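Paired with chain B in one complex and with chain C in the other, chain A is shared by the two complexes that follow.
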Partner chain A sequence: MSPARTGSAPVVTGVGVIAPNGLGVGEFWPAVRDGHLALAPIGRLEPNPYPVTVAGEVTGFEPAGWVEPRITVQTDRFTHFALAAADLALRDAALDPAAVEPFEFGVMTAGYSGGVEFGQREIERLWRHGPEHVGPYQSIAWFYAACSGQVSIGNGLRGPSGVLVADEAGGLDIFAAAGGELRRGVRAMLVGGAEAPFCPYAMCCQLGLGLLSTSGDPATAYQPFTKRAGGFAPAEGGAMLVVENAGAAHRRGATVQAVVAGHGATYTGRRRFDRSAQGLLRAAAGALAEAGLTPDDVDAVFLDAMADPLADAAEAEALRLLLGERASRVPVTAPKAGYGRSYSAAAVLDVATAVLALEHGLVPPTPGVRECRFDLDLVIGAARPVDLRTVLVLSRGVYGGNSALVLRHPESPISGGM
Partner chain B sequence: MTRRVAVTGLGVVAPGGIGTKAFWELITSGRTATRPITLFDPDGFRSRIAAECDFDPVHAGLTTAEITRMDRYVQFASVAADEAWRQAQVGVTDPWRLGVCMGSAVGGTTLLEQDYVATSQRGQQWVVDAGAASPFLHCALSPATLAAEVADRVGACGPVRTVSSGCTAGLDAVGHGARLIEDGQADVVVAGASESPISPITVACFDAIRATSARNDDPAHAARPFDRDRDGFVLGEGAAVLVLEELDHARRRGAEVLAQVAGFATRSNAHHMTGLTTEGVEMAEAARRALDHARVAPDEIGYVNAHGSGTRQNDRHETAAFHRLLGERAHQVPVSSIKSMIGHSLGAIGSIELAACALALVHGVVPPTANLETPDPECDLDYVPHTARERRLDVVLSVGSGFGGFQSAVVLTRPERS
Partner chain C sequence: MDTRLSPDDLAALISRCTGVPVTGEQITDPDRTFDDLGVDSLGLMGVLAELQREHGVSKNADLRPHQSPRELLALLPGRA
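The block that comes next holds the complex of A and B.
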C-alpha cells in the first residue's frame, strides 16, 4: 500500500438532496424511512407518446429561491438541482466556503445525460431557424461539466474540480476521485451529481437502453428482485455531499455523519449482467479491503437494483459469494424503488440514504415490493432498526461498470481508509 | 514505496495524419492542418473552418460492425488505443488490474444531432419520433460508452471511467488514470481522450459567443495563438491514447519507458463559466501543485506546452500565469501551442498535447507555434515561432483551461534511471 493510501479516511459532514420524494433531508429521510412511493405518470412529457410513462419526477421544485435568476436562464434543470443540493449540503455541514483557504475546497460531479432539455431547445432553434439563433448559453449549459462549473462559481470554490461520466456507477466513483484529492491534502470537496432526463429527446435516447419499465402502473412499475421485475423507472433529481479531510473536519468542530471508508470499481462489459456478479463481488471486496474490513463487518447493503431479471440475479449472486452463509441474514434494501433510478444521481442518492441510515440506525425499506425471489433479507414494509456500523453501497452502469462504496458510522474504529 | 507512472505506449489520430508518426512529423514541421469545413456544409455559419482528420475507418482497421456501432469520436479513440496498445506490448496482465480512463467534452453530439434531425423532422417537432432513432442513439447520450469500447478492445476489467470536464478533459483523464495507478487501483491504465465536435450544433454554439476564428478566407493561418492578429480558436477533432503503467511493472517486463506522468493537479477560478482572470493565479496554482506532486521545482521545467487556444483572453491569462510560475526564468523557457497547427479539439486536445509532450521528451525537440508573425505586445515569452527547436528536455509541463473556470496541469518527466 502506497503512502498516498494511508491517513485518515474522508468524512461526510453535510448532505443536500433534491429528490422526487423530497427536497432536503428533512423531507427525504422520512419519505425514504416510511417507504413512500413517489413514482407517477411523467408530467413533463405531456403528451407522452413513448412506451415509458412512469417515472420519479421532482415536483414542486422551482429554481427561484435556489438559483439566481441570472443563472437560471443560463443553465439546464440538472444544474438547478445541483446548485440547490450544493446549497443544502453546505448548510447541513455548517461550512462557509469563504472560511476555507483558497484552492482547498473543490467540487466533483458525476453525470449521465447532461443539460439535455436546454440542448434540445437550442438545437431546435438551429435546425428550425438557423445557426444565428443558437443562444450564447448553449456552450455552457448542455455539457456535462456545467454542474461542477456552476457550483464552483456559485460558491467560490477554487479547489480541484472534476467530472465523471461513468453512468450510474460513476455516482460512487466520484467519491473515490474526491477522496484522492482529500488524501493529497485538500480540505473539503462538494461531491455529487444531478440528472434531469425528461425532455422528449432525452427520453427518446433512453428508450434504446431497453432497460426501462414500460408498466403504466406507478405501484408496480419498478419491482427489483421480484418475479415481476421488468425494468426500472427512470428518475430525475440530485444530491451533493460535503466530504472533508478528517483532520480538517475535526479541527473546525464539524459534526461527522459518516466515514467514507473504501471504494472499489470493476468493469465487466456492456449489458453483460451475467458477468457483473464477479464484477460486483470484486468491487465490494476491494472496497472492504481498502476500509480494512472483511465481509463479516457488513451490516447492511444498499443495492443497485436494476430490476432486470439477469441483473438482479447477478447482484444476488454477488452477495451470496461475498457474504457466504450470511447472505440470507444481512439486511439489504433498494429505497430507489420508491422514487426511481436517476442514473448517476441514483448512486449519489444511495450514498446520502446510507449516511442517513447510519445516523438513524435504521435500514429503510424497498417501497412497493412485497416479495423477494432470491434468498436475501430484502427489507420490505417498515424500516428495520439495526445497529449500523458498516454499510455497503453497490452500483452498476448500463455500460458495464460495477462499483462499491463502504461507509462507516463515525464512532466506529477506523482501521483502514481510502 | 511510492508508485510511479510510466508511459509505455502512444497512439494518435489527429488532423494532418493518422498515427503517432504522421502527427509528430506535422507538429514539428510547423505546417498547419486547418482548412474549410468539409464534414458538413458550413454555409451560414460565422466560423466555417476547422482542423479535420482525414480518417477512413476501414483503412484504419475497424470492422463494419464497429463502424456501424461507434460514433466518430469512439472510432478515433479505438484506433488510437489500438496503436498505443500495440506499442506498449503489455502482454499477459491481470484484467482486474487493467483500467481505462478516457476523456471527452461533448461526447456523442454528432450522433445526437444526426438523430435529432431525423426524429424531429429537421427541428419541426418538439415531441420527437423515437421510431426514427438509430439503435445506437442511447450510446450518444452519455460518453460512458467511450471508455467501455476502449475497455473491450484491451480486455480491461479494472476501473473504467470517462472524464467529461470540458476542455480540460484530455489532461484530466490522463491525470486521473495516473492516480488509479498511484493509488493502487490498477497497474496498467489505458488513458486518453477523443472528440469529434465538428457538427452544426457545436460550431453554432461557439459562433454564438464568438470564440472561434472567422478568418474563413485564410484557414491555414487562422489559428494564431499569441499573435496580435488572432481572432479565436479553430475547432479541431482527434484522439490520443497513452498506455500508463506502474513504473516497476514496466521495468520488470523490460518495456521501453517513454516518459513518466509525474504530477497532476486541477484548480478552478470560481469566476466565470467562459471568462478567465487576467492574473492567471489559478493556472499557476494548478501548475505549482502538479510540480509539487512531481517533486520538481519550477526551475527544472524545460518546456511548457501551453493551452494556447488563440483567444485574446487566454493568451494574456496564460502569459501572466507563466510569469507567475516561472518568475525570472519565464523568458528562458520555451512555450508553444500545437493548437496553431491542429486546432482545438476540446476534450481531446489535452491528451493529444500530452502525446506531443512525451514525444518531445523522447526526441529532444520542442514543437513550434505556427502562424506567430507579430506577437501580441502583451505576450512577451519565447513562444517558439514557426520552427521546431532541438533541446534536451527532462521536465515538461502541459496546461489547459476549460469552460467552468477549470485549470489543469500535468507534468511529464524523462524516465528515472532504475
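The block that comes next holds the complex of A and C.
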C-alpha cells in the first residue's frame, strides 16, 4: 500500500434500494434487520410451468412516478429498477447531479441478465410476425449497458461510465472500477446494478445452472449453510450507491456512511466450487491488504450463500482459512436468504446492507434459517448488536468469479484504501 | 387495414409508440417538430414502422426528428 493513497479511499454517501423486501432504505433496512421473509410464488409467471416456483419478486413497483413515460417505453424492467434506485441514492446522498461538473460524475453498473423481458417480447414479434414488427428500442433496451446509459443520460452524468458483465461477483468488482475512476480525478460515481429475470427465456437460462431451489415452500426454499441447503431462490431488484471522492464529499459537507476500503477478485472456474475456497480466501486477503487491514480486523462477514452444499462448504472453508480460530466467533450472515439472490445485483444489495449495518451497529440475521452446519457464528433469529468497524462482503459468480469488498465505518482510521 | 387516421388518432399512436404525450393540436401545428415534442429518431422509426405495417404508409417513407408531425400526417394515404 502506498502512503500517497492514505485516506484516499472512496466513500459511500447515498444508498438507493429497490428490493423484494422494500423500496428505499426506509423500507429495506427494517425488513432486513427484522429478518422479514419476502420470498413467495412468482406472480409474473402465472401459470408457472417451471420447476422453480419460489422467488424474490419486487411487488408494488410501477415505473410511473419513478421513470418518465418516454423512457419507460424504451427500457426493460431492470432499467426501471436501476433508474429508481439511482434516484433514491441521489436523494439519500443529498446530491444534486446538476451541482457536479458533468464530466466529474459517472456511473458504473454490473450486469448479468440484461433486459430479458423486453428482449423476449421483441424476439417473439420477430419470429411470429417478421422483422418489421420489431420495435427500434430493442436495439438498446436488452443491452447490459442500458442501465448505465439511462442513468447517465437521465441525470446528465458525462463522466466515465460503463457496465461490468462479470458474473455475479461483478457486483463487487464495480466498486473497484468506480474507485479507479475516482482516483483518476472523478468526483462522484453512481455504482450498482439491477436484475429482472422473471420471463420465460430468463427462467430457462437460470434453470440450466442447476443451482436454483425447486422447493415450493417460501419458508424453506433458500436455506444456505444448513443441512437442508438445496439451491437458492432467484430474485429481481437492485441497488445503486453514490460513491464519492472522500475529499469532495467532505468539501460539500456530505454525510459519509461508509468507506470502501479494499477489493480483491479471483477466478477459479465454472462450477468448481471446491476451488472457490482458495479463490474466496485470496480475494478476501487481497481486499484486506488493500485496506491496510488484517483478518483480525474483520468484525462481520456478509456471505455469498449459494445454498449449494459444495459451495457453502467451500465458503465456510475460506472463512476458516482466513480467520483461523476466530472463524467460529466472527458473526457471519446471509440476509439475501430472506429475499433471494438477484445475480449481479445480489452483491450490490449486500453492500447496501453492509453500509446500513455499519450505520446501525447491527448485524442483520439470515432469515428463515434455524441452524448452521458449519462451525461458524451464523446470525439467526434477531439482529446482533456489534460495534462494527470493518465488514467483509463476499460474492461468487455461478461461472467462477470470487470477489471480496471491505467496508469500514466512517469514523475508523483509514490506513489503506483503494 | 385502417388508413384513415385523424390527427387525434395519430397523436395517440405516437404517444403509445414513444411514451411522449402528444395532442391532436400538436400534430397539425406546422411549426412544431418531433424534436420539439421530445420524440427522438428511434421513437420516430417505431412510429413509421407502425404506420407502414398498419396504415398503408409507403415502405420508402422517411422522416427525421427535425421535421413536423404535420409532414408525417401528409404521408398517410389519401392525405398528400
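Odds and ends about this structure:
FYI, the second predicted complex is superposed on the first by the 411 of 418 C-alpha atoms of A that agree within 3 Å, B and C clash if a C-alpha of one lies under 4 Å from a C-alpha of the other, contacts with A are read in each partner's own complex, and residues count from 1 in each chain.
To be clear about the criterion, contacts are C-beta pairs under 8 Å (C-beta built on N, C-alpha and C of every residue); 3 or more make two chains touch, one makes a residue touch a chain.
Quick caveat, the model's predicted, so the values are computed rather than measured.
With both structures placed on the common chain, the touch criterion links A:227 to neither chain B nor chain C. Of the two partner chains placed by the overlay, only chain B lies in contact with A:269; chain C stays clear of it.
With both structures placed on the common chain, the touch criterion links A:135 to chain B and to chain C.
In the superposition on chain A, A:113 makes contact with chain B only, not with chain C. Using the contact criterion defined above for the overlaid structures, shared-chain residue A:70 touches chain C, although it does not reach chain B. Legend: residue contacts after superposition of the two complexes on their common chain; A:170 is shown touching chain B, with no touch to chain C. Chain A residues in contact with chain B (one complex) as well as with chain C (other complex) are 74, 132, 135-136, 139-140.
Against chain A, the residues of chain B that register as touching in their complex are 1-3, 44-46, 96, 99-100, 105-107, 112-113, 115-117, 119-120, 122-124, 126-128, 130, 133, 135-145, 147-148, 151-152, 156-166, 169, 172, 176, 179, 182-185, 200-201, 203-209, 211, 265-274, 282, 285, 289, 293, 402-406. Of all residues in chain A, only 1-5, 45, 47, 49-50, 74, 103, 106-107, 111-114, 116, 119-120, 122-132, 134-136, 138-140, 142-146, 148-150, 152-153, 155-167, 170, 173, 176-177, 180, 184, 200-209, 265-270, 279, 282, 286, 397, 399-401 touch chain B in the complex they form.
Put simply, chain A touches chain C in their complex at residues 68-74, 132-133, 135-137, 139-140. Considering their complex, residues 17-21, 38, 42-43, 45-46, 49, 52-53 of chain C touch chain A.
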